[in-house]
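The data blocks that follow each hold one structure.
Across the two complexes that follow, chain A remains constant while its partner is chain B and subsequently chain C.
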Partner chain A sequence: MSSKGGIVTFEGHRNFRLRLIISTLAGKPIKINKIRSNDVNPGLKDHEVSFLRLLESVTNGSHIEISYTGTTIIFRPGIIIGGEITHNCPNTKTVGYFIEPMLYLAPFSKNKFSIIFKGITTSERSKDATPESIKWGLIPLMEKFGVREVSLYILKRGSAPIGGGEVHLLCNSLIPQPLTIHALDVPKFSAIRGVSYSTRVSPSMVNRMIDGARNVLRPTGVEVNITADVWRGENSGKSPGFGICLVAESKKGWRIVAEGVGAAGGLPEDIGETVAYQLLEEISRSGIVGMSQLQLVLIYMTIGKEDVGRFKIANSQIDEEFIWLLRDIKELFGTEVFIKEEDENYSLLSVKGIGFTSVSKKIA
Partner chain B sequence: MRCNILVSKTSIKNMSEDDDYIKALEIQRRNFEAQFGSIETLGYEDKSKSASNGIKDIDSSEEEEEEDNFEGFQSGEESEDYSSSSSEDDESYSNGSAQVKSEVIRPKVFKLNDPNESNKAPMVSKRERKLLKSGRAPTLAEIEKKEELARKQTKKQLLKAGKDDGENIENDLKLQRLLDESHILANSLQYSGADLTLQTIDYEDPTGNARKRALDSRLRKLAAVNSSSEGLPKKLENMPMSMRKGMIRSRDMKVAKFEKEAKEAGIVLSKVKKGELRDLKAGRGFTSSADRLGTGKKVTKVIRDRGLKIASIGRSTRNGLVIPQSQIDKINNQGRRSNSKGKGKGKRR
Partner chain C sequence: LKGSAIRKWDINKLLYLNNIDPSDVIKRWRGENEDDEEEEDIEDEEEENFFTKKNSNDASADLDTFQPTYPSIEILKQKFSSETVEEENSDEEYENGYKSLKSRFLVAPKLNSNEDGDEND
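After this line comes the complex of A and B, so read on.
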């Protein structure tokens, strides 16, 4: 990672989407080389190329140059336009892989984002967020930063391997920059809610998942309220599947999400239990938000006004991924975060915003 | 071989934890061997075979002890006490010792927790369905606010509806009396020492003319229930005809003048019914002037005109023509003969 003549260079396919997004927000061109150069199949994978296409369609004036072997790309970002787009996602990744980066760009675009993603909505093999966890975990977090009118509609579900799902992302609020938040107290979680969904399987699977999760969560003494969502017929996609997404919610609106998708031949009780345990572990490990949401928090805090925002994180959340994220932010935005250890479990993270304003609103 | 040593519960637990681990390893090994063939055939040395023989004796003895300690715990394939997951493992626990020796593949039995579990679809309430369809996930605070608002609305509606408002009005005696006596009370001048304001006029307890008139009107209202002239007197006051005529004439002229002037001035007056005259002195005075001159109301006769009584076939009712059986028989020359032979009350000559 170096900068030569104004272009910041990165190496490898790590944090691919994140780097492209940050470059778009910062307006700085980047170059990524040595992408899987030692791999059996070198170069960009088809979902990464699809993501580049998506990025091209939501922005105006962006240049993407991909080398012959596909191991190097140069990306010159344009301004974020948005509008009404339909994107067909490849079968290798779920739609969550594509939706998540759009959440960073949507509030700062010229026109409102209204994107329909078609493809696989849930898959047991992928580690990306499902539309459920985005709706329950990431979108409420954006509301904390001032982006209030984001909504994600699941028009059709599509489980792996064939898919056939459609998800509609709508972002109706366009703001110049996110708010500066000061979140200093670790919340106590007052309720656990969730959604347990299934496509093209017997409806009793959903009940069994809920039972499995409830059995684990009963000793906590918190109110557990899991909604059942059985999809039938046309809208349920082309393959059978089931999954569950649990959210622990506090009175102030902070949420921690854990989710899981059932594998073929698996018991729904098992997946219910596993996800419940995952949720409890996530709560014990995290501060105010979970690991999956921390990236969004950091980026939004960085692109705020020139004001210091504070956020409390758990010490266990400072791991390798976190450090890579901070490195990428420093490369492109030039800011560092200040982490001060408060007690043995928690630290206070302060970031000074870079004074970002969404340029797309002003320019034609 | 069975050890008769008394082992405390905690040590059983500790040993059984290791046991669990070893048993799990055994299961993995068995699965591997089932898929790829035994380890020896693959060309590796089976180190565990020599060590495992020693452990297995302790295994079996512990198991038997456990079986004795726990009542109702049956070895074999029925294991109802276990939780739903890892039922596959449970089945092999109980058969641990036996199965390692023989390579018999037994069918997997999954016994899940709730025997009364229904296989029905989950009941999703309307509110939950809306939540699922919506694009956002509302916070707890928002949901609470919405619910409170919904509850508040129904309370308001309850107050408004007021369990049959009409009935309440009907039953409200004071209100009815006030409505009826409004003219009387308005036209009476009731002084108190203080200023004449709405508060000082006593609506419930009038004095003087107003009192007499009010009592009179109440009595008439009660009498109207059973009278043919709705509470109005059947005979007017006796006076010379010329006096009566003069009073009626002057009244009519006054009413006509009043209405004409109002029409010219554009004042909208209260409506009067068809046959009636406008009552200009509505509540004033000792008695109502209608007692002497009569109101314009006409009381219709209740007896209905039946028409001329001409002999005809049958009766004309509102359901149509009713012809009694006797007349039908007469016309048809049938029916019971009035003079039967011999018996009966014939004319005796």
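After this line comes the complex of A and C, so read on.
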């Protein structure tokens, strides 16, 4: 994590996608070395190479150099152009792994993004976003920053290990930069919604998951509304699977998400119950948004107008990952976040935007 | 315990010191590290040991994920269940359920108490 001779250098495979994304947004080349250099299988993994290819196809003029052993890459970003693309994702990661970083680029592109991702939509082994959590957790958050008209359609579901799913990401709004945000109040959640989905298993599974989750959520006293979404036939992919995604919603549109996917041989009641408890835990340790959404908030705040945005977080959200993220942002954008501890539970983040302008506005 | 003697670090000063590992930043800021003064003295060998150990752990871990990690289900159950509907007869308890989360949910007041009461907005 040092900059020598104009190129910013990172070490290791941590935050791989994030670093490439902020490099693209900042328009600065980066070098990542020592990627799994101590591992039995050193170097980039399949999904990381696939992600690099995706990044290459949504940009124009990107230049990627990968060392012979795959442990070092140099990435020189081009401009974000978007377009209509189909991306085949490897079966080691879910499509969410590839969709999530696209949300950072899509609104600031030259052309609209319309990408079809083919691969696994859900997997119990992958800790990546499912299409549900992107739809319920990240896209509403983008609206807060002025990015409207982003939609995600699940055309086909595909559970691990074989997959066969298809998801369509469409971003129709191109904006010069995200709005400056001032979120000072910790919201109260008035409803809990969710989707319980299954592919190629008995339809009773989704209801059993819902029952498990409901039992845990009932004492909260808020309205609980979980939709059953059973997929059959051609569009349900090639493998059996089931999962649930729960969302706590406030009246102002802030959301906190928890999700889980059933493992082979696991009971649907258990997964419903676990995810419900995880949602409660996430609410109890979060400020305005959950841990998984914080990264989007910080990046969008950083690339905003040259104005100070404010955002309230819980003190428990300041963890190791959070610091890694802040350091990576500083490395490329040069901005520092100021944290003001307000009381024992909450802190206020102040971030000054860098005055970023999207390529669509620069050229036109 | 030396609890009261722990120096309270300003998080803003620690955040961008790249020579301090993020996990250490958190420890110092939360005041969990009791002998942080001492540690700095023996930084050289300690830190080297620490880093090599850490690297071998990191090598296989996936450090690029979306979902946060949660405590095990048993811990979560305990955290939320002991405080739940303990006194089910009490109106207040029944209405609010999870005590620790009371401030985070917007619950309409019960109908029998006051029909046209405030909406709790």
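One rule holds for everything that comes next: the second predicted complex is superposed on the first by the 361 of 364 C-alpha atoms of A that agree within 3 Å, B and C clash if a C-alpha of one lies under 4 Å from a C-alpha of the other, contacts with A are read in each partner's own complex, and residues count from 1 in each chain.
Everything below uses one rule, namely that contacts are C-beta pairs under 8 Å (C-beta built on N, C-alpha and C of every residue); 3 or more make two chains touch, one makes a residue touch a chain.
Computed from a predicted model, the values in this text were never measured in an experiment.
Asker: Go through the superposed model and pick first if A:283 touches only chain B, second if only chain C, both, or neither.
Answerer: Only chain C; A:283 stays clear of chain B.
Asker: Applying the document's definition of touch, where does A:361 land relative to chain B and chain C: first, second, both, or neither?
Answerer: neither
Asker: Which chain, chain B or chain C, is in touch with more residues of chain A?
Answerer: If we count touched residues of chain A for both partners, the winner is C.
Asker: Look at A:140 in the shared chain and tell me whether it touches chain B only, chain C only, both, or neither; answer first, second, both or neither.
Answerer: The answer is first: A:140 touches chain B but not chain C.
Asker: Touch test for A:327: chain B only (first), chain C only (second), both, or neither?
Answerer: A:327: touches chain C, not chain B.
Asker: Taking the superposition on A as described, I'd like to know which of chain B and chain C A:230 touches: first, second, both or neither.
Answerer: first
Asker: Just to be sure I read the superposition right, which of the two partners does A:127 touch: chain B = first, chain C = second, or both, or neither?
Answerer: Second partner only.
Asker: Based on the superposed arrangement, let me know which partner A:338 touches: chain B (first), chain C (second), both, or neither?
Answerer: A:338 sits against chain C, while chain B stays out of touch.
Asker: For A:39, decide between first (touching chain B), second (touching chain C), both and neither.
Answerer: Once the two structures are laid over each other on A, A:39 reaches chain C alone.
Asker: Please indicate which partner A:259 is in contact with in the superposed arrangement: first for chain B, second for chain C, both, or neither.
Answerer: It touches chain C, and chain B stays clear.
Asker: Which chain A residues are contacted by chain C in one complex and by chain B in the other?
Answerer: On chain A, the residues that contact chain B in one structure and chain C in the other are 190, 251, 273.
Asker: Along chain A, where are the residues that touch chain B in the complex?
Answerer: Interface residues on the chain A side: 135-136, 139-140, 150-153, 168, 170, 190-191, 195, 202-204, 206-208, 210-212, 215, 227-230, 247, 249, 251, 253, 267, 269-270, 273.
Asker: Can you tell me which positions in chain A touch chain C when the two form their complex?
Answerer: 1-2, 12-18, 36, 38-39, 96-97, 100, 127-129, 133, 186, 188-190, 216, 218-222, 250-251, 259, 273-274, 277-278, 280-284, 290-292, 318-321, 323-324, 326-327, 330, 336-339, 341
Asker: Which residues, counting only chain C, touch chain A once they are in their complex?
Answerer: Contact set of chain C toward chain A: 11-12, 15-16, 18, 22-23, 25-26, 29, 55-56, 58-60, 62-68, 70-71, 73, 76-77, 79-80, 84-85, 95-98, 100-101, 103-107, 121.
Asker: In their complex, what parts of chain B are in touch with chain A?
Answerer: By the definition above, chain B touches chain A via 83-85, 110, 112-114, 117-122, 124, 128, 131-137, 139-141.
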